[in-house]
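For reference, the structure I am asking about is given below.
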Amino acid sequence: MDSKREAQDTKIRVGIFGGSGYGGAELLRILLFHPRAEVSLVTANEQAGKSVGEVHRNLYGLTDLRFVHAPQELESLSDLDCVFLALPHGQAMEVAPSLPESVKVIDLSGDFRLSDAEVFAEAYGRGHTAFEFQSGFVYGLTETNRERIKRARLVSNPGCFATATLLGLAPLVANNLLSGRVIVDAKTGSSGSGAKPAANTHHPQRMNSFYAYKPFTHQHVPEIEQELRAVGDWTTELVFMTHSLPVSRGIFASIYVETKDEMTADEASKVFADFYREAFFVRLVKGSPDINWVKMTNFCDIGLAARGRQLVVFSAIDNLVKGAAGQAVQNMNLMFGHDERTGLMLAGGNP
Amino acid sequence: MDSKREAQDTKIRVGIFGGSGYGGAELLRILLFHPRAEVSLVTANEQAGKSVGEVHRNLYGLTDLRFVHAPQELESLSDLDCVFLALPHGQAMEVAPSLPESVKVIDLSGDFRLSDAEVFAEAYGRGHTAFEFQSGFVYGLTETNRERIKRARLVSNPGCFATATLLGLAPLVANNLLSGRVIVDAKTGSSGSGAKPAANTHHPQRMNSFYAYKPFTHQHVPEIEQELRAVGDWTTELVFMTHSLPVSRGIFASIYVETKDEMTADEASKVFADFYREAFFVRLVKGSPDINWVKMTNFCDIGLAARGRQLVVFSAIDNLVKGAAGQAVQNMNLMFGHDERTGLMLAGGNP
Amino acid sequence: MDSKREAQDTKIRVGIFGGSGYGGAELLRILLFHPRAEVSLVTANEQAGKSVGEVHRNLYGLTDLRFVHAPQELESLSDLDCVFLALPHGQAMEVAPSLPESVKVIDLSGDFRLSDAEVFAEAYGRGHTAFEFQSGFVYGLTETNRERIKRARLVSNPGCFATATLLGLAPLVANNLLSGRVIVDAKTGSSGSGAKPAANTHHPQRMNSFYAYKPFTHQHVPEIEQELRAVGDWTTELVFMTHSLPVSRGIFASIYVETKDEMTADEASKVFADFYREAFFVRLVKGSPDINWVKMTNFCDIGLAARGRQLVVFSAIDNLVKGAAGQAVQNMNLMFGHDERTGLMLAGGNP
Amino acid sequence: MDSKREAQDTKIRVGIFGGSGYGGAELLRILLFHPRAEVSLVTANEQAGKSVGEVHRNLYGLTDLRFVHAPQELESLSDLDCVFLALPHGQAMEVAPSLPESVKVIDLSGDFRLSDAEVFAEAYGRGHTAFEFQSGFVYGLTETNRERIKRARLVSNPGCFATATLLGLAPLVANNLLSGRVIVDAKTGSSGSGAKPAANTHHPQRMNSFYAYKPFTHQHVPEIEQELRAVGDWTTELVFMTHSLPVSRGIFASIYVETKDEMTADEASKVFADFYREAFFVRLVKGSPDINWVKMTNFCDIGLAARGRQLVVFSAIDNLVKGAAGQAVQNMNLMFGHDERTGLMLAGGNP
């Protein structure tokens, strides 16, 4: 067997369910160029039969893949090594349990993130039809769950707001530095609303808009609180507010906390640097991050400002990459024993 | 009767059919502050019962008007002086013929612009159900038809692309200065696609897009050719190409012509200045116009560049104002004997 | 004397110092159409001699005014009734004291807002050369200082961030409803940085940017705290964070407070409605405001969300209108005995 | 010697002159991840000493490179294999002649594109100080000059507008299909104006702007005409008009030609497909291309529309990639015997 053949044989055979949305588009953008993966299957019921490059015209000429209908017999997918579920909330729970045991699964929806069925029902406005499988999922925030992810067969990929917020809070909660309520003022670009046109993403208005939505009640809130309890002694109140930005990509979270003792930004920065010393994709920056510098990348940029016991953490990601597809691939890398950076050395442009 | 009462009595009682779209929104923005008009009726079947300020939140607090269903008995609207039809193509032809003779009508749709029924059917992809009324309509390009509009009961307001193009070509055609084909490279902002969300106005993609659409076949083309024949001896070929801009408002037309003799930009400018000497809303500018300077206004800015017999006319308007609602009000002013500028001294911002 | 002549005679003769920046541009856009005012003088040293319409091309054709050098002999300006100072920080203090006593003055800069010279020096990084005049100025937040403004000769117009923040907090502070620290997460459009090109307003980057700046230390903070003390018993800590939005116009402040007792959004809304019952330009909205609905207008839109004792106030303005030139004209109206809405019934577009 | 060591030894040692601008930023974004190249030197006199990631924050954490002053002794650079000159016009002519003969040179400026010194002087407004070297340069439009580029030591990389225009016209001119004048209506994003803030790229205005500039006289015009003469029998008149788009990246050229005989879009498409049968980076698309689909990539997307003898070619590129740094790397690949796609399999996002 020659070395080229060998290399191909070791490629991860990937299936993507729900390839026509923005999450699927990003998975394809990343995985088609991933040196250790090969996309074998990509489903999109409404686009079945069309070529990937016809639907995602950014990929035109870069792949011969075609969308197919989601297979009825999921057990037959045993030739796959890894399945990404980039389906709307509520659909992953119908697919994941039927996939062969030999297949690793990374679910980008919210279906398996919450460990409490009642909390799930309230957050997502629906009952869960496969909750018995939830406990088998590891929450896929790579930077806090790296070791568990390496061993996982089932990973539930975090929500975009949750990723930005948790990466901004985890070092402080893990070190038990906080007192009092925490306020997260989070802002997202329009791609966070998905590929389907809607009133709130109608260009003539959105381009001049900024507004808040779902005050206190965004479905990522319970996920954030659950994971903060997992990293430390989280008992405080979380005020979480989501806003809409007139850009396509990017989440920026301004996180307002009180520290138990006075702390300078430099001191806080050391806490973060220590917590993230092995986290390639978290970049600590002077002053404020800017979504311009993380767009199209898997980075989370974090900056800090402090005055007395008031500490503000600024956390910026690309909602579709570190907030979705990029982190999913980062998790796949770990689950298959690869360097987590494989296929993710993506740099956005300066302008 | 005191003078204040008198002034009120002379206000034009206006009805607007189709007030929930962008054309209707702009009519309301202008007419609610028009010193000689009063909006008595505004219809929007899907929004009936809602206040205008709830639907057009830019007008919240500025009016107590509510949307109503379009009345069944149109003959009963004889208390109105003027009706604006801001309905989708195909609906104005059902309303206009039934309005009382005492009511003046300004139709913003394409239903009554074309004097040839076959051309209409081809351009709009539908048959005409009231074509016998078409000849009663005056084409409402104010700057070329001012005297006829003053005497008209029925005015068919020009399309947005047609307005920008005709104002850029009329002086040249009227003076019989052209030879050879004319190429119009026209670009429009996203509000030109209307208030309903659609794939081509989905913010995440539109904000980074520029593309051409409907090559050669935009429905404004026959309207442009018809009116060029009306102002002069137009026999040449028109190549008309529409493109989409990632702004909300604005049309910019780059019009490429050959003049019979060599002409400098200054010489051409004199032709335009002479043709538009009474046209307050046409501003001749040095160099290029910029849609930034006409946004929110009723101005058409025109600039010129020349080399030998090659002349380029740049024409910029706000598609919703001079390209729709503003010009409609300009026509109303003339039809009711007012200064055409009344209620239209609108300045956009610098930034 | 006929009535038309009389009306003209009673027009306020206005001078604008610093007419070439964005504040000046907006003053001109509003005042050129103000029925009770007449712009007699507009200075801009670098643009002296140029027509206003050449510099602010949105006003081309709407005025014959020309920019002049700032006069050396300010005492000679006694033919003016009102002077607006739209000068950079530090320059108003050189002009205001020398203006004739007969002239009313509205200063849009920060020079006379702060009643403590040391606080001023720290906030603006310069000493004050005319601090003895500061106590003569009334702080021009119309909605809280209306009666004092009516009687004032000198008004110091609020900063843009201060306007949005104070209007969001004043009802709560005046009614002594708050406990604990207050967090203001404020975002501004790029026009807030002025008309001069700079790295942070360079289009290729700004269009995809969102970032924080001047954490804790924005120069509007002391102004906000000073005025909160003026309206109520303000002793709490203010965490104020400014961010940059990729739009041209608009400020959106998300204001996080704790109320002494639990309060629903409806209950809080009643407090606001009562406080602003005479404030035409404050609009209470359901849910969140949106900068899209206040752009180009003098409105401040306020929305509320509550959970237990957590209350969030959303406040949205156009930074150049209610945050600068519009509020300045609103104050002028009051100072000259006019309805505060005169010349300010400005509606922005829907798209 | 093991194979890994060998591969490293064969990496192209690259130097970049002028690394702080947008052209330099893109070269770095591409070359830092190029499997067969290694950036050994990057100059930027004003940023000397700073790390690349501090200036181009999109690259923060991805490289340890630092900017250095341009070396005085250029002959000493013989350890380099390839130098990219991303300097302002006029500076490359001072550097290129002094580089060692062993070093291959790719100049991204306009200094060595024009083979006529007088034409150069007129287009660039300066005399040439090293014109005797010009004839040694091969014009680097990869798709038309591939074989010559493979053998070249000196390549002059095309201008961005020239690239989009030439790729749209070359197949037609090479096949001698055209008659009559050609009109190019070209539009560019703001990054084309470079990294230095200026009035025309000031965000508050640019975001709502569209305007024409440099009518007839853009410096890329002579370059286009020279190369059209190189590919075929070009004797016609070129009307070239440049416009500014409110996006960061992208050039879209609408090219209006008359064909000698009638031609359908499909027939024309076959001409293009044949001409570009080996051109991976030219993608023929149905209907219109969209700059959204080429952003961040090295693709040129071409679409066609026809009516009778009227043919319109739409050509879209990313001005910084295929219009500058990407094409430069494509040329480097050929000059060093690599597949031209190496390091350039860049996909932009869908949104």
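Per-chain residue numbering starts at 1, and chain names A, B, C and D are given in the order in which the chains are listed.
Note that a contact is a pair of C-beta atoms (placed from the backbone, for glycine too) under 8 Å apart; a residue touches a chain by one contact, two chains touch by 3 or more.
Quick caveat, the model's predicted, so the values are computed rather than measured.
Seen from the C-alpha centroid of chain D, the farthest chain centroid is that of C. Of the two chain pairs considered here, C-D and B-D, the higher C-beta contact count falls to B-D.
We define each chain's centre as the mean of its Cα atoms; on that basis chain C and chain D are separated by 47 Å.
Averaging Cα coordinates per chain places chain B and chain C 35 Å apart. Centre-to-centre separation of chain B and chain D, using mean CA positions: 41 Å.
Looking at chain C, one finds that residues 22, 190-191, 195, 204-205, 207-208, 246-249, 290, 292, 350-351 touch two or more other chains.
Residues of chain C that touch chain D in their complex: 22, 189-191, 193, 195, 197-199, 201-208, 246-249. Contacts from chain C toward chain A in the complex involve residues 181, 183, 185, 187, 204-205, 207-213, 215-216, 237, 239, 241, 243, 245-250, 252, 254, 256, 258, 287-292, 295, 303, 305, 307, 310, 312, 314, 316, 350-351. Put simply, chain D touches chain A in their complex at residues 22, 25-26, 29, 32-33, 56-62, 190-191, 195, 248-249, 280, 283, 285, 290, 292-293, 296-297, 299, 301, 320, 345, 347-351.
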